[in-house]
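All chains are identified by letter, namely A, B, C and D, in their written order; residue positions are counted from 1 within each chain.
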């Protein structure tokens, strides 16, 4: 099996298991549960394929990217799909107290963030790493200069090195400001904000290739940014 | 000074102090700082007035609402405005390490969440508390029934009673699902999500009126929801 | 029923309900569960009575203290007792994935922190608020001066105003340093650390009496510190 | 330079840089700062050497352990040492608001947790992985059986796979219970608790050797537990 067909296989198998592992099996047929249906309780998310060939990134190995996509992003989808079934169970169990429910809701939020941010992350990779004048100007409009933006974005990433979290350039729709955010984990983040450029700072994004050298990963990340895609989000 | 003019006074005074307390004074005139200008570093947020008369809510006292608007929402704006100046200072200080910067960015995220969520919260109060058939149907479309939605939303709120956090009905723009979120504090939350109905579960939202009786506050909250406004966000 | 006997009644009733609400009912009689017994899974915590008369504090009302003890501290005990039963259930359910389990463990940690910190908090109130020379000297030994300690401790408290969290003077047994800690919520905190002086900054500690005026609460807190008790913890 | 002498070199160099990087340089000589001295503000932590030879662990490579000790544990010490200087600066700056201070205190707590937990972690590795009958009995006394304890401890670890956090067997000195804790990051955790067995679930603890296969790391971790040391903590 060559790499391409292997990847195809993995994706198909993964998609199947995403559904198989979903909450369906966790649900009982209690009549009252009929009222808790609809996307909020039974949405099953399917993995979005990588928008680039994993063996073509600069300084980020195929093995790293493939594991990241399959295990971390894929694992979050499986967990999120399964959690909806658990939520229905807990909501329909009159003996289940609110603080058990919030435990599940935290896990749901964590996986929701992981899915959404990973899709935005892979979505903005695979490019030349070279922003054109237009996107530079638009970012400079909010940060003074493009370099000032890059300086802050990298500093956030460095501050997260050795731990977990995300650095995100986002447009806050309520404040009407394009700004950088520090996020401690998948469950942290600004609501009502469109992610424009997303950098994963969990160690699974780089440890296989760079060990603890987070700064080198940030360099590699910048070399692969798909700025055309970023521009389209602006 | 009657209550209306007092409120007007407070708002004007507050707006002035929001600017006075902003980060401006914290900045030095170092030449290099000229590169860190623009909304991301110098945006000053102004308070949005209450969209209703604070003395007209059912079961939520004017004193509570006024304090909530002025001290908690207003305090977040002051802090957020001042923090931008601190960020510029730290970014331009070559001796300042990334982990000091991320400390500031966390505080910025916390206040950003507080400002955005409080505006959405006050924005969806002041109504009749009576959802019309159309909004009930649209929510039922995602949760099975309107009651299933309300049951989960209240359960999230109850689970947060006695602590901090938010219950939010939001439309996740990436997952394309309308769902309820549990948020532990202002800095927690789903990115790329439009808040549709927001309930503050910090104790400052109810302790003055209800002490520890969070469930009674949730009832009062529901009695004041502006469902027409909520419908407009859907 | 006068206030004293009413409080006695409340405590007895509460103690009973702490046990009744415990996880016992949530457990099934599955044979395999016999292996998950012992304090880690079935410890039932009982409330410690207030070490002072709630109507005798300066600037903190009996109503506030009583509600704090009964609802917030008492509520945490009930939740903690019930959660152990849920943990046994989840651990013995082969279909329950690890991320459901960690959701419960987070809630357990949150309630564990609440119980331990509330007991330390009530435990160090009820005094004169006047530290003697010996305790001042011992604290100065770690902070330069007693005032430097107080200045930092109050600043932590002020920074938590309007939200949740704790300010704690603690002895870090590993670092062998007596220092102040900021804690965002009941689940945050330094392990291997003996709490010496604990100040609750959740809004339920003051909103009933002081609304949003956290600084006034901090003054009242200081006026009631039992420094003899604090000295005994040093 | 052979591996042993290289390690010695690294440790000596690291110790020097831990002091050099400390907050000393960040402090100004303002007279008022003389009141903020003492361990709480100027304690400099030195790294504890590994209590075993990094090349002798089973299934955990020397490269991984060395990087973990030097970069993650060592980095936390450097940051913690430097942060104390920043705290003094901020405390003595009358223009610095409390919410800037709490940002620093959070970073301090994060690094304090990292230092304490890493020392406990390395401290309980390097053994045979084989608990004797006595330690098994003592753990069984709290969990029903030793296997019930191991089952929960592993489940906590698995739930943290792909992210950050710690699984800790600890003795809660207030509750007087030996129990397992889930901790989301270095800043989470139970106060007044003695860590007995500590497992690092940050990805830097395994990604170099095992990629995303957290379960295989947990197996390797168990194979290296120094149970004699654990027994001494009980």
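Throughout what follows, contacts are C-beta pairs under 8 Å (C-beta built on N, C-alpha and C of every residue); 3 or more make two chains touch, one makes a residue touch a chain.
For clarity, every value in this text was computed on a predicted model and none was experimentally measured.
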item	value
Chain whose mean Cα position lies farthest from chain C	A
Between the pairs A-C and B-C, the one where more C-beta pairs touch	B-C
Distance from the mean Cα position of chain C to that of chain A, given in whole angstrom	36
Chain centre separation (chain C, chain D; CA means) in Å	25
Centre distance in Å when chain B and chain C are each reduced to the mean of their C-alpha atoms	28
For chain A, residues that touch 2 or more chains besides their own	97, 99, 102, 106, 184
Contacting residues of chain B [partner chain D, same complex]	25-26, 79, 82-83, 86, 95, 97, 99-100, 102-104, 106-107, 111
Chain D residues touching chain A - in the complex, by the definition given at the top	63, 67-68, 71-72, 75, 162-164, 184-186, 202-204, 207-208, 211-212
Chain C-facing residues of chain D, complex	34-41, 43, 45, 87, 91, 97-99, 101-102, 105-106, 108-109, 112-113, 115-117, 119-120, 140-145, 147-149, 151-152, 155-156, 158-161, 168, 170, 172-175, 177-184, 187-195
